[in-house]
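So that you can tell them apart, the chains are marked A, B, C and D in the order they are listed, and the count of residues begins at 1 in each.
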Amino acid sequence: MKQFSLAPIRTYFFSWCILLALLLLTLGSAFIYLGWLNTAINLTISVTQAAIVLLFSMHLRSAHPTLRIAATIGFFGIAILIALSLSDVLTR
Amino acid sequence: MSSISVAQHENYLTADFRLWSWLTTLDHKRIAVLYTVSITLLFFIGGAAAALIRLNLLTPYSELVSIETYNKLFTMHGVIMVWFFLIPSIPTTLGNFLVPLMIGARDLAFPRLNLLSWYLYVIGALFAIESLIAGGVDTGWTFYTPFSTMFSNTHVFAAVAGVFIAGFSSILTGLNFIVTIHEMRAPGLSWFRLPLFIWAMYATSLILVLATPVLAMTLVLIAVEHFFRIGVFDPALGGDPLLFQHLFWFYSHPAVYIMIVPAMGVASEIIGCFARNRIFGYRFMAYAMLAIAAFGFVVWGHHMFVSGQSAYAGTVFSLLTFLVSVPSAIKVFNWTATLYKGRISFEAPMLYALGFVGLFTIGGLTGLFLASLGLDVQLHDTYFVVAHFHYIMVGGAVMAFFGGIHFWWPKVTGRMYSDAWARFAAIVTFVGFNLTFFPQFIVGYLGMPRRYPEYPPEFQLWNVLSSTGAVILALGYALPLFYLFRSLRDGPTAPSNPWNAKGLEWQTSSPPLPENFLRTPIVAEEPYSYSSDGPSHG
Amino acid sequence: MASTVASIAPQFDDAAQQRDASNLGIWIFLATEVLFFGVLFAAYTITRTQHPAAFAAGSRLTDLTLATINTALLLTSSLTMALGVHAAQSGARRAIVGWLSLTVALGILFLAIKGLEYHADYVEHLVPALNFSYPGAQASPVELFFYLYFVITGIHALHVFIGVVVISVIAYMASKNTFGPEYFTPVDLTGLYWHLVDIIWIFVYPLLYLVSRS
Amino acid sequence: MSHVEFFPAAASTIAGSIDNIYFVWLALSAVIAIAIAVLVVIFAIKYRRSSTADRTVAVGARYEHTMHRIEVTWTLVPLIIFLAMFLWSANAYYESATVPHDAIPVYVVGKQWMWHIEHRGGQREIGELHIPVGRTIALVMTSQDVIHSFSIPGFRVKQDVLPGRYTTLWFKATRTGDFRWFCTQYCGTAHSLMIGRVFVMEPGDFDRWLAVSDTEGSMAAKGARRFRQFGCSGCHGPSANVHAPRLEGLFGKPVQLQDGRSVIADERFIRDSVFLPNKDVPANYEPIMPSFRGQIDEEQMLEIIEYLKSMENVPQGVQR
């Protein structure tokens, strides 16, 4: 694994601004009735926010592939847990 | 012989004799010894519960203990054997001892975490024993809701707390191994030069790290629900008890692979050594273990075919279960093929390893019965299931564990034991095991349910056979206690490589130095570079 | 007194190996944390699937204003934490202490607001097993929503609390000039943990507070 | 000790197909296990350390090539066998999981630690189940407390019995006699005493048994009384002035819900509507129904369901 590279400070401020903007977006979207789409939009925004934190604040963008796998494998595990449990609940 | 004569150096056992130095040790080898002592103790507690269960089942009328006591006995047997013996067994003892040695490292990456892991294990075990002393738990090791949360008045909380704490011990061990195997391999030791035992530890660690947190949080939910009498598993409030089963088996099915994959690693080391042959299909063996670890996470619903789970979900889980059987089959074939054109000898470790292959094969094949949707309806929650998983976990995992103990005993203790006694014990164990558990397949298809202290009299013959076998099995497990202890006192001194085995752990002294190697070894050859044609060279 | 050269533990060959091991270790630990919370999200998903109306009704009773402020606070604390790590990497020793202290302050503010929220829930009889009451036939599934609400936010708050304590310790160490470009692993690892706690909240926020607000 | 059994009696229409799978699997397992055992023994003797057998093997690329072919073979062959096993056993499972439409419902409530059975005619049994031979029976089951499981090994059937839900178990007995049934999901102290016997009778004998058993009227009649007793008729009855759905002919029909979904009005729907109303609110109705949780017990609920089924022009039988 290589030496760390120092990210420019504006990266952090920039991603912070985007995170707050997305927060307002997700909040605003909740007040428009869209049925099941509301939750879909909320979660899509959450995934985007999480990705920004992971890639920039947590430096995954420049991290060794092993770390990237370690970072995603937990989310992958939850996805399996929820998907297969739902496959039961939704088809009962 | 590439081993170094280091007789004049102190070893990890003689470095410091004070008890305090043991309780604060950061040496992975000493922590392995601490673990070995602790889990042996728990193994015999769990074994005592099993003995009482089998004794009680000699007659159909539960004449030895009351049905309440029986329920607590099988719960304690399950909780202790699963979480305080089988899951930690090979990883925390042989794994702790061997992972750094086999990859040419001075220690695990995080020695303090390793010691913490042992303390957590001990605290967890104390909670479990406390629940036993306080009066026991009667939920079964599966803690099914709403029984465990709303109906059981026994010491559920202490047992759950014990398992929860032991879970963190598992997580720390897994984390430590993964980092160590990634970062601390000796120069030249590339991934495909690793012994299969290391691959097994790696695959196991992945499961430990990814599955155990799910168990931990599920246990938190059980404890909260048991305590506050409200929760998402309670059908009276509109909750779903099957949700608990999904969460529980998401951990507990992979947990089976936590028990058996390390055994596969041990068997590979032993069979390669005593067949003096390279492991046939080495890469496939490594991939198969990773595949088992990965697929193990998507098959849990096969525990729920008759639970009220949807038929569609059941179908998906059944299909996935058949797929996970393929890598297990590959492994059995490869062990067999490793014997081909070998130069085979039959010291005690090899007998244990061959016994493992045989029992694991039967366990695996009967697993296919249970994976089959229609057939599982008849077999589910009967003694067929009990027999099947004992073939995997006891026939498979424990047999290999004993094999591993015998194989590395000279390395760990620096003493040789009596091979004749050890071979006798291996045979006794194999015979006793089959007599104990094979009749259970038959009585299971007849319909005898699990967790029954009383049963219809027409099942008695099979139960008597099983209980008789248990006596022989107990003898097989007790024998090593005697001859292994005796070897500590007056066994001959072990050379650094008594079996002429390959692998870095045999290149240091027996017992190893506190820092494992005098200088970091450099690896330049493939694993298992045994040569069967011609005299063995170390 | 400033010694920023890390001591290398005996099991490691060099500082790079030690740092790589710590990094991989913390990421695996974070994966276990994700799975740990994952159980709660799975329980939430399954229960909400079975009682969509009750979850909508329950969510409407939560305090959106406080939750939104709290979300903004956590996102901001993630920024200050990242700047703290940056300061350590670039050797701005005084700045490390400042950014970390700010992070601690934001974390404490988050917990205080959380406390206000809990207090309001108590007053409104929304605490399951303690004083829960909800009119109508939906009472029990709504209670399940609040059960999950308290378990999820409670365990998250516990993680925030642990973070606050650890960051305080790191800030104290930083004030003793412990960290610099050659040795900043503890700051880095603590930062990663703090960001993960942030990420979990990013999912908690819409799932608990934003259901059926229209 | 009574006589020794190796296989259980096969007394239902699906027992044969399950046994076929069992025997084929047994044969297959025996072949594989014996083949491996024989190979191990042959190798152990031929290549024992002291033997002088030829041990020259191909090396290098040729070895790799051969090994690859062998590995791929013994990956694919088991895979194909396993897939075939999956298809066959899944097929048998669907047979046992699909309830035939002509099934006669019998209602079962499990509680710690006994089984309550009620026939449609109102005949009650505890720990015994009388059924006619050659007729399809569907047990509609629920639990009052923890999870139980209803297992009749002689019929090769088993199904967990859950609190808060209905599960169904069907079978058609092929011969008369009595067969054991067990609770197979651990349910607490007296789990092992939660057993019973199924008495399979000639249809004539069964009708006589029904006739001589004491009843307080059919389940539907009892359900009708409950319907008035709990005040259901106040809103759902013919003279009600509340805007509530009429229930005649409802059972088994699709119901349009407020949120756009459509569900079948089966046992689950009716039970949920009584205990957790507002979970599925029918379209064009206000969610004003109160919950009857804690007031109506599981057996009374089943009687009400049987009453609803008996109302005008309802297709008979069990819906899953």
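The rule is simple: a contact is a pair of C-beta atoms (placed from the backbone, for glycine too) under 8 Å apart; a residue touches a chain by one contact, two chains touch by 3 or more.
Bear in mind that the values here come from a model prediction, so they are computed numbers and not experimental data.
Remark: among chain pairs A-B and B-D, B-D carries the greater number of C-beta contacts. Centroid to centroid, with C-alpha atoms defining each point, chain B and chain D lie 34 Å apart.
Centres computed as Cα averages put chain A at a distance of 42 Å from chain D. Chain centres here are Cα means. That of chain C falls 45 Å from that of chain D. Residue positions of chain A touching 2 or more other chains: 66, 73-74, 77, 81, 85, 89-90. With touch defined as above, residues shared between interfaces to two or more other chains in chain C number as follows: 20, 24, 28, 31-33, 35, 38-39, 42, 46, 50-51, 54, 140-141.
Counting partner chains per residue, chain B shows two or more touched chains at residues 182, 210, 214, 236, 238, 240, 242-243, 246-247, 308, 311. By the definition given earlier, chain contacts exist for A-B, A-C, B-C, B-D, C-D. For chain A in complex with chain B, the touching residues are 66, 73-74, 77, 80-81, 84-85, 87-92.
Chain D makes touch with chain B in their complex at residues 1-8, 17-18, 21-22, 25, 28-29, 32-33, 36-37, 39-40, 43-44, 47-49, 53-57, 67, 70-71, 74-75, 78-79, 82-83, 85-86, 88-97, 112, 145-147, 149, 151, 153-154, 156-160, 162-165, 167, 180, 182-193, 276, 279, 293.
Across the complex, chain B meets chain A through its residues 182, 210, 214, 240, 242-243, 246-247, 250, 297-298, 300-301, 304, 308-313, 316-317. Chain C meets chain A in the complex at residues 16, 20, 23-24, 27-28, 30-35, 38-39, 41-42, 45-46, 49-50, 64, 68, 71-72, 75-76, 78-79, 81-83, 86, 89-90, 191-192, 195-196, 198-199, 202-203, 205-207, 210-214.
By the touch criterion given at the top, residues 100, 105-111, 171, 175, 178-180, 182-184, 209-210, 212-214, 216-218, 220-221, 224, 228-232, 236-240, 243, 246-247, 515, 520 of chain B touch chain C in their complex.
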